[in-house]
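Next come the structures, one after another.
Each of the two complexes below includes chain A, the first together with chain B, the second together with chain C.
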Partner chain A sequence: MSKPAHIAAMFDRIGGVNALPVVLMIIALPLIGSFSSWVTLTVAGLAMGMMIFLMASGLSLVFGLMDVLNFGHSAFISFGAFIAASVLAWLAAWVGADSLTLNFLALFAALGAATLFGLAAGWFFERVIIKPVYSDHLRQILITIGALIVSEQIILAVWGGSPIPVPRPALLEGSFVIGDVAIEVYRVFAFFLGLAVFIALTLVLNRTRIGLLIRAGVEDREMVEALGFRIDRLFIAVFMTGSALAAMGGAMWAGYQGLISGALGGEMMILVFIVVIIGGLGSIEGSLLGALLVGLLGNYVAFIFPKLALASNMILMMAILLWRPWGLRPAVGK
Partner chain B sequence: MTDTALASAPSADPARKGRMIVYVVALLIGLALAFAPFLFQDVRSNQVAARICVFIVLAASYDLLIGYTGIVSFAHTMFFGLGAYGAAIALKSMGPGWDAVLAGGVAGVVLAAILAVLIGVLSLRVKAIFFAMVTLAAASVMMVLASQFSDFTGGEDGIVYSAPALFKPAMKLMTDDAGKVVKLFGVSMNGKIAAYYFVFLTCLVLFLALMRIVRSPLGTVLEAIRENEMRAEAIGYRVVAYRTSVFVIAAVIAALAGTVWAVWLKYTGPDTTFSFAIMIDILLMVVIGGMGTMVGAVIGVVLMSLAQFYLKDLMEAAAQATANIPLLPDLLDPDRWLLWLGLLFILLVYFFPAGIAGTLMKKGGH
Partner chain C sequence: MSDYVLRLDDVHTDIGDYQVLHGISFNVPQGGVHVLLGRNGAGKTTTLRTIMGLWRARSGAVVFKHHDITAMHTSDIARLGIAYVPENMGIFGGLTVQENMRLATATGGFDDGRLGHIFELFPAMEKFWDKPAWSLSGGQKQMLAISRAIIEKRELILIDEPTKGLAPSIIRAMIAAFEEISRDTTILLVEQNFLFASSLGRNVCVIDDGRIAHSGRMEELVADKDLQTRLLSLSLDAHQ
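Up next, the complex of A and B:
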């Protein structure tokens, strides 16, 4: 057996592309040196990855199902962040209260408001903005860019241009200490929220009739339509879910950052695009994989070579495109 | 000229009439730009005229991509910025001189070409939409790099430098017997005029080169690829090679425009070159003017540049008139002009996807 084939076989045996985040973690450990910093960075990377996954999964599914790429996706992220910030500021008494119930209610209200807005805005966006330009990529890009401009301007008009502080519920403040490693509660929460969403999405896609139709639609839309299913209704449901998840991700990100400005959407959009490209368009697993890679690499590189943080993700994207032009785990083969 | 043409052919089809109107308007704009220093004699108008010249080249080279080849790139300002930063860094470190402009410009152009080849080969193989995402990511990374390597690029503050001696306001192009600067039609023949005509003439040459490219056999092949990629491939044209080369051509022209812009502005920073706002401007200009027409770029740039000044005044007045109503003044604030332009843009893409020039010329967009 020749050497490259040997390596490839070994790579597949340890889990193929799915093992990449673990490989990255193992490589990073000696480079960082200190174990406690490594744990902190890894937790931060996983949390960030999960939040980006929330934002990216919808975009990827929408593209896979309907061949629609929404360049205005980041508008949902921004709106989610700003709405959550406003709700938390409005419920300041609950946020600061010493009662876990009130804390939890405030958090639930903020995430819920963002998600509900995402659902409603997703419906509006799909019906009004995107529906007239199905199957025309060029006009799709142009129209969604136009919608992005308008949404960003609306955010500026409503919330102003200066950064807004985001109060964090006392429940999620602070960190717990294991040995000499401190782990922030918020990061753990973000990680498990993302994981829960991933599991829910996987279950719906793989275990329900609707999920079956969605997967079939990603694979071959026309055939599903020919069998008599109204794929456009399915699509609007997927679009709304994707927008709601993006808004939820934005809300989580706002709490993570603690201070948000109008530039948030644009910054996240780049990461979301990189994630979707790395992961392969149309697949949830690909998005998760890409998001974790981007989150981990971003945090490690920011620690080792601070100046290269964003460029590192770009280099990662270039490398993966060279290796697999369709991304790591595309939903549909070439 | 239009009158005689119409009189001699009263039954001329509307497309021909439209084409006439578009070309006459473009010609008038060209003439206005050619005599701009004499027609509008204040510093601000001169600045606007030079900006229009540079952006016509920038928008036209973008039209080559989006209109003629059907590829959407968000990295156009990246190439523009590379050309500008090349010249800026060279002018700063080598001192003001033509050697610096040449060295910096060539460095910027070569770098832009290499990057364009890399991006093109890597991602033009797959779907157009994928390409748009890759270029967007590349451009934003370049923007971050420019602001982070501040020793080299001046970071957010940018670089201030001097232009070659010929363009200094103190330079005397023509002197009378007493050694004073000659005034022609009330305009002093100093370095400012030289700088403007440097911008105007280079941009004219670049624009004509672009016109030549789209009229050449290459342009026809590009349109064939845009209309039906499979068929073009089947006839025997290597689609990826054509797309990549046109991407490189557009990148090189954008970088050259960037060099000219840097020499004129004597300042280069992220806001004047790399910013995403400029990318949006170019996109709006091309789409409003008319994709795939070249002259559309001219009309789009002029309209956008004028709108940037006059729409703001109009909104200022509207905001004051509605000061008592909640939210509305915020939406009508002059800083929110992009909001209204964005709405206009969406409507335009819905109803007139061919843009102004394309609609008049009855040249279908997509």
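Up next, the complex of A and C:
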């Protein structure tokens, strides 16, 4: 066996591309030097990765299934963040109460409101803005950017131009300490929420008939119709789900940042596009892998080589596309 | 009229600015294999896609049994009992063989008898049941495409060039399978492999430049070498 083939076989034995986040964690440990710093950065990277996954997974499915370039996706992220912030501010008494139940209700109301808004706005967006421009990428780009500009102006009109603070429910405040490592509760919550969404999406896609149709539709929409299914109805359901997940991701990100402005969606959209591209279009597993890599790398590089922090994700995208032009886990086997 | 499972009446189809079908008319009787022959670009695939509603007829009528399906949605046409096996086979590579087949069922469940029959026709389907479809060979993918078309009872199966790029041994297996399938299902077959088409076809229509240039019994075309040469620029001998 040649040397490259031997390395490839060894790579596959340790898990292939699925092991990349773990490989990255192992490489980062000696470079960071301190175990407690490494744990803190790793937890932050995983939490950030999961929040980006929430925002990116819907876009990946929309890209893959509907062949729609939705540059307006970030509007759902922004609206999710602002709606959650408003609900939390409105429920300030519950947010700060010394009661886990009230804290939980406030959190549930904020995430629920953002997600419901994402569902409704996704339906409106698909019917009014996307449907007339199916199969026309240039018009899709123009009209979704236009919709994004309108959305940003609505946010400015409703919430103003100044950054607004996002109160966190008391149950997600603070840290818990293991040894000499302090781990933020909010980060752990973000990680497990993202993980729960990933498991739910994976179960729906792999264990249900609608999931089977979505996976088939990502590959060949025309053939799905020739088998007797209305793909346009599937499009609406996927678009609404993707928008709701983006809004939920935006709501989580708002709590993570603590202070949000109208530029939030646009800033996150760069990371979301990177994740979708390196993960592979239409692939939920790819989106998760890409998001974890982006989250971890961003945190590690910001600590080890601060000057490279902004460029790190672009370098990651270039490296992965040179290695696997279809992304890490494309929806169709290449 | 009731003897025909499918009728095309003066069908005109455009693709973009180009008119591809210039008034195609033919009938497909119930049962057996009926063949559409023609040179590359003659309009055979366009005819199948127009029947399936994947491209819209500009004028004319497509009637399946008693239903005018000319303007119907593709999914509704499929639900009436027409299966379509496109030239590229339409296999979902990321899905397993089982999942590909399951999608073609109305309820998501299999009829054990029908599935067993498919495994007899194409043993590879049972062998690779849980394998992803992208890992199958070209011939196995074609078998999967046809298995998917017959996993439930259909009135009519439209098949576009099933032998393209396949080895002779697989083509022989296909002939046997099509003979079996056509006992209870009507097949409309688009084919360029005249030997394959002539061994199966009961009736034949030759399409040229988007028009029906000839239609009749297959044995008449097989016997008339001059007609073959004139219509298809080939003769059966050249393929033997």
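By our rule, the second predicted complex is superposed on the first by the 332 of 334 C-alpha atoms of A that agree within 3 Å, B and C clash if a C-alpha of one lies under 4 Å from a C-alpha of the other, contacts with A are read in each partner's own complex, and residues count from 1 in each chain.
Methods note: contacts are C-beta pairs under 8 Å (C-beta built on N, C-alpha and C of every residue); 3 or more make two chains touch, one makes a residue touch a chain.
Bear in mind that the values here come from a model prediction, so they are computed numbers and not experimental data.
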item	value
Joint occupancy of chain A by chain B and chain C, clash or fit	fit
Partner chain in contact with A:V276 - chain B first, chain C second, else both or neither	first
Touching partner for A:E225 - first (chain B), second (chain C), both, neither	second
Touching partner for A:P132 - first (chain B), second (chain C), both, neither	first
Partner chain in contact with A:R215 - chain B first, chain C second, else both or neither	second
Vertex chain A; arms to chain B and chain C (CA centroids, nearest 10 degrees)	90
Which superposed partner A:Q153 touches (first chain B, second chain C, both, neither)	first
Minimum C-alpha separation between chain B and chain C after superposing on chain A, in Å	12
Residues of chain A contacting chain B in one complex and chain C in the other	none
In the complex with chain B, residue positions of chain A that touch it	63, 69, 71, 129, 132-133, 136-143, 145-147, 149-150, 153-154, 156-158, 266, 269-270, 273-274, 276-277, 281, 307, 310-311, 313-314, 317-318, 321-322, 325-326
Of chain A, residues touching chain C in the complex	209, 212-213, 215-216, 218-220, 222-231, 331-333
Residue ranges of chain C touching chain A (in the complex, touch as defined)	52, 54, 73-75, 78-79, 84, 86, 90, 92-95, 99, 102-104, 106, 108, 132, 134-135, 148
List of chain B residues in touch with chain A within their complex	66, 70, 72, 118, 122-123, 125-130, 132-134, 136-138, 140-141, 144-145, 148-149, 276, 280, 283, 287, 327, 330-331, 333, 335-336, 338-339, 341-343, 345-346, 349-350, 353, 366
